[in-house]
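Several structures are given next for inspection.
Presented sequentially are two complexes of chain A, the first with chain B as partner and the second with chain C.
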Partner chain A sequence: MDTEFMMFIKQFKKNRLAVLAFFVALALVFIALLGSRLTAFDPLSTNLDARLLPGFWADNYENMLGTDGLGRDLLARLLYGAKISLKVGYTVIIITAFVGIILGIISGYYGGILDMLIMRVVDIVLAFPPLLLALVIVAALGTGIEKAMLAIAIVYIPGLARIVRGSVLTVKELPYIEATLAMGGGHFWIMLRHVLPNIITPTVVYLTLLLGDAILYTAALGFLGVGIDPSIPEWGAMLSGGKDYLLLGKWWVTVFPGIMIFLAVLSFNLLGDGLREAMDAKLRV
Partner chain B sequence: MAFYRYIIKRLLIVIPTLIGASIVVFLLIHIIPGDPVTVMLGERATEAARLALIEKMGLDQPMHIQFINWFTAAMKGDFGTSIRTNTAVLDEILTRLAATMELAIGSVFIAASAGILIGVTAARYRNTIIDQMAIGFSLLGVSIPIFWLGMMMIFLFAVVLGWLPVSGRLSLGLSVNEVTGLYLIDAILTRNLKFFIDALRHLAMPVLALATVYLALFVRVTRSSMLEVLGEDYVRTARAKGLKMNIVVFKHALKNALIPVVTVIGLSVAQLLGGAVLTETVFSWPGIGRLLITSIGFRDYPMIQGIVLFVVLVFIVINLVVDLIYAYLDPRIRY
Partner chain C sequence: MRGKSSLFLMVFISVLLAFSVFGCAQEEAVNGDPAGQEDDIFIVARGTDAVTLDTNWAYYEGEIDLMYHLYEGLVEYIDDDLNVGPSLATEWSNSEDGTVWTFKLREGVKFHDGTDFNADAVVFTYERILQEDHPYANMGDWSYLDYLLGDVIAEVKAIDDYTVEFTLNNVFSPFLTYMGLYSQFIISPTAVQEYGDEFYKNPVGTGPYMMEEWKSEELTSMVLFDDYWDEKPAIEKIIWKVVPDASTRMMELQTGEVHAIKTILPEQFEVLTADPDINIVRMAGANIFYGSINHDAEPLGDVRVRQALMHAIDFDKLVESVYEGLGTRAINPMPPTVFGFNDDIVPYAYDPERAKELLAEAGYPDGFDLDIHTLSTARVYIGRPIDAAEIVADYLRAVGINPTVVVNEAATHFALISSYDYQLAFEGWYDVAHPNNFMRALVLEGMTNNYKPQELWDLSDMANATNDMELQEQYYREMQEIIHNDASMMPVAHNDYTAAVAGNVVDFRLDPIGNVILLGTYFE
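Our next item is the complex of A and B:
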């Protein structure tokens, strides 16, 4: 197991861009953890006397990145936003993983009518364009970041369940499963101890790729003003009124949150790609 | 014969999906926390208005009866009435369909033609600087938030340079003789150059923003599909008998490599016909996506249901068509 893991790391390190992405992602995690301590400003407190101030490029070293339309410090909001985006990202992934893996294993392992039922539901959910489905779920459930997370997870679960099911179908036919059954191993034990470890690698890689996507979707919901309260310093929500400020030439209100989303999504996508390549290379050996 | 059997089999799978998706859309109104009538009409609605809405939507009937009534009406083209505008939901959708189609067709056309070209070139010159640039570009394209890209384009081309209009489909004061609803085609049909240029200027930014994102996707798919095909035995045979690489790529490999690309293009069109919600919002484009966001804002649930049902229908039908084309192109998948 150890040597296999080391080989994986070795393969991964060959992709320099992915390693760089790993460190960017790590930096984002640090910002998310420390965010509020890195700035003296409160991301929520408004100051109508300091609206739309430019930042360091206009020699304003107090609000380094300027202030937004309500006089809130942009840097403070961006730092705080890292926490929100990452929290949404990993919560969505955890919900998706938990439900998707269970459904996929049950479907693939037991087969029959249970499999058919689960896969039909999966087909139905996949018949909706993803963003549209997330939007209408949030529209029905009402505003709240938890509801947005749930909506995005619902969009992802079918895809994961299908992938897990596929892997389970291959693993299930392997001789050692039959051997365990013959020795009197229970189904639950087999699923937990023998099937799950064998499908975990492709699942983790898939989930890493979803992480970037989940952050992008959250930002999209925030931008559309659906599901996320606009006062919350979520990166996408910070962009929602941004067009009006652009037309006034106050570009910083829009430019910086966008860069943050872009960086976060890009680094997680690169990371996911790197992991997948490393895994593929390992499989080929 | 096998092909006809496949068509029938594929059609039979569509029916449960369609009914299932309709149930999901129908249930939408019933998972609203609290009383849907209050949510739709607001706290201060009169008792008479409440009763009228309950009567009209049949909310006092058992759930399965409500569903059957709603579903059969929808299949006959009656998607209900909008609470906000009091007009037929389907009419509202259809008046915006042309705007959405214009975006979808324009962006997919640009993205597909450029994407296939770049993807094939990248695969042909694998591991060279061209390939790496194509990969890098497509990675940027799938990671960039399209709404932000749109805003940055507005800032550059409309605010700073002043070349293009900020939003909408036409300048104020210009009117159209609508024939198809697709303004560029209408302009050609009515031979109105001024109108054509104005519509084109408005279309440019939203189409380019959308095309960038889809271009990235198409480059990725084309490249990996082409690489796979180039590894096939028949490609090696063709090369071994002395054919030039370009001939092998364009005459032998391309046709087979394009099969998955066609699928992705088809699905993209399907997705875009449901309204490019984000792009339409950024550019205030009067399409279906914009209508959906407005309706969500007004809690106009019949309209939301109608739009979602319409989009899902389009999505399912296009999926079906793509699958059939796929089966036609590649006989191996008619299992």
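Our next item is the complex of A and C:
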């Protein structure tokens, strides 16, 4: 196990970009955990006398990154936003992983009519453009950040279910499964002990990539103004709230949330790519 | 990989979009602005298009501007206080008991299709809308004429070719004012007979301009009517161009693509004011942006809680920030420019301590959960509805209430308000600058807030049933006082109607209902 892990680390280190992404992602997690302690400002409290102030480039060292259209400190909102975006990301991953893996294993392992039923539903859901589907679900469920998370998870469950099913199909045919069955192992036992560990690699990769997507789609939903209380410092909603000021030269209201979304999405995606490459290499050995 | 490629796609598309916008602007500049080529063509850019051009069935924002150019009424507004003067009628009189109005019609007026204007045309216009069994009834989905006067007018009768008599069910004080409004304008009976259900695309009135072309969601053009009875306006041809995006509208004005734009955003105000080649036109609007309070939603039925909300919010600062100087703070359910406004009412002062006391008295010392619903996009009465709700939420948070801002797309928003499925919801009203349109049409008939005291209905009935202006004023002032004391709603602001015009445009007018009126406009 130790050597395997070391090998994995070695492989991962070869991908410089992924290593960089790992540290950026780590920094984001750090910000998300400590965000509220890094600033003296309340991200929700408006100050109508300090609207649209520029930041440090205009010698404003109190609001380092300036203030938004309602006079809220942009830095405070960005720091809080990290927590929200990551919370959304992880919640989506947990829901997707839980439902997707169960569906995929059942579908792949049992096959037959059950497989057909699940896969056809998966096909139907996959046929919709993801953002459109998320919008429809939010419209049906009503507003709120929890519903937005659920909507994004529903969009990604079919993809994971299908990947898991594919892997299960391969694993299922292997001799040791047959052997376990012959020794009297129950289906549930087999699924848990022998199938699940073998599908972890593709699942982890998918879910890491999903983290970036989930942040992006939450931002998109926030930008479109559905699902999320606009006072909550969600990066996408902040981006949207600032867009009318862009033409008037108040660029910071939009640019900084944009940079955060960019960094978060890119770093998690590169990290996911790196993980996949490293794990593939490990498997090949 | 998917995530990466969609991110890339997003960046790519935004770059592409940015280039296409700037690319267009440049291209037009190179080709020379069509606006400058002919002096007698006037191009106005507006955010919305008309759905119908039938004046008696029109009511959308994008339609009303056009009606004042294509059609005319028996009377017309001669000032911004909606006093009326002669138009298609030369004189009129009211019977002793106030229920019969007799109009003497102007002779020698022709419709655009050559038909003579006479008493039959007036009777046809009104009967088409008010009689359900009329052969040309129901040519639209909702009629403002029917809404305003359906229950008021008993009969419209031609006495002779140029005399018309309106018999009302009761005395109705806003009657003459309403007769100057677009929905009461006169249409050509022969055109309705000829076009039938297609009349909405082929409008025929007596106005100074006649229809040339209507490309839906793109443009409407109209040209001077040769046989117009009165002095003709200076502009030969008007093009009403549809440009939904406010930033694009501003850019088109700055590049000389259009001569005027209707509605500027608060945040554009500064930029446009600074531009020496552009003038801004403003008109105090007969509209209101307010918070509708559902009296059946806990705990808002308690007057102390409602008053606490009023004391908790610094409305002056809110209005200043959200409207950027293009709005006035609202105190009553109607704008101060409207007759009957009660200026003795002192608004609830910004006093968070008082708000907390009131909440404690009402049994909510620790506040309560409050959903604040707001619109996702700008309307004529508010440019930034989300900002307004967020500011209100923050003020309420400061007195211990726990607010959540819920942003709704317009259709959803109005649906949930009309089904009483809310606590506090921001919406607005824009209407004719007559007290009846605010104190009755809005407060009593329009708002779904479970607050309909009988004494308000009685006062409104009494105000409508007398032609005595002093009595009317007294009733309306009393209504506003009751509403204020009950804190039954949360008046926020009156939005100025705005437009911006090129520097050489003279006498471009906005009326108090926000319509663009080009009848006296010319180029310097």
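In this section, the second predicted complex is superposed on the first by the 285 of 285 C-alpha atoms of A that agree within 3 Å, B and C clash if a C-alpha of one lies under 4 Å from a C-alpha of the other, contacts with A are read in each partner's own complex, and residues count from 1 in each chain.
Here, contacts are C-beta pairs under 8 Å (C-beta built on N, C-alpha and C of every residue); 3 or more make two chains touch, one makes a residue touch a chain.
From a predicted model like this one, the values you see are computed outputs, not experimental measurements.
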{"item": "Room on chain A for both chain B and chain C (clash or fit)", "value": "clash"}
{"item": "First (chain B), second (chain C), both or neither touched by A:Leu44", "value": "second"}
{"item": "Chain B versus chain C as contact partner of A:Leu114, first or second or both or neither", "value": "neither"}
{"item": "Partner chain(s) touched by A:Ala179 [first = chain B, second = chain C, both, neither]", "value": "neither"}
{"item": "First (chain B), second (chain C), both or neither touched by A:Asp244", "value": "second"}
{"item": "Chain B versus chain C as contact partner of A:Asn269, first or second or both or neither", "value": "both"}
{"item": "Of chain B and chain C, the chain that contacts the larger number of chain A residues", "value": "B"}
{"item": "Which superposed partner A:Ser231 touches (first chain B, second chain C, both, neither)", "value": "second"}
{"item": "Which of chain B and chain C A:Gly212 touches, first, second, both or neither", "value": "both"}
{"item": "First (chain B), second (chain C), both or neither touched by A:Leu70", "value": "second"}
{"item": "Which of chain B and chain C A:Leu135 touches, first, second, both or neither", "value": "first"}
{"item": "Residues of chain A that lie at the interface with chain B and also at the interface with chain C", "value": "212, 216, 225-226, 247, 262, 265-266, 269-270, 273"}
{"item": "Chain A residues within the chain B interface of the complex", "value": "120-121, 123-125, 127-129, 131-132, 135-136, 139-142, 212, 216, 219-220, 223-226, 236, 239, 242-243, 246-247, 249, 251, 254-255, 257-258, 261-262, 265-266, 269-270, 273"}
{"item": "Touching residues (chain side chain A, partner chain C) in the complex", "value": "44-46, 48, 51, 69-70, 143, 209-210, 212-213, 216, 225-226, 229-231, 241, 244-245, 247-248, 262, 265-266, 268-270, 272-273"}
{"item": "Residues on chain C engaged by chain A in the complex (per definition of touch)", "value": "1-4, 6-7, 10, 247, 265, 267-268, 270-271, 314, 317-318, 320-321, 376, 384, 386-387, 389-391, 393-394, 397, 404-409"}
{"item": "Parts of chain B lying in touch with chain A, wherever the complex brings them together", "value": "13, 16-18, 20-21, 24-25, 28-29, 31-33, 139-140, 142-145, 147-148, 151-152, 154-155, 159, 166, 270-271, 274-275, 277-278, 281-282, 292-293, 296-297, 299, 304, 308, 311-312, 315-316, 319"}
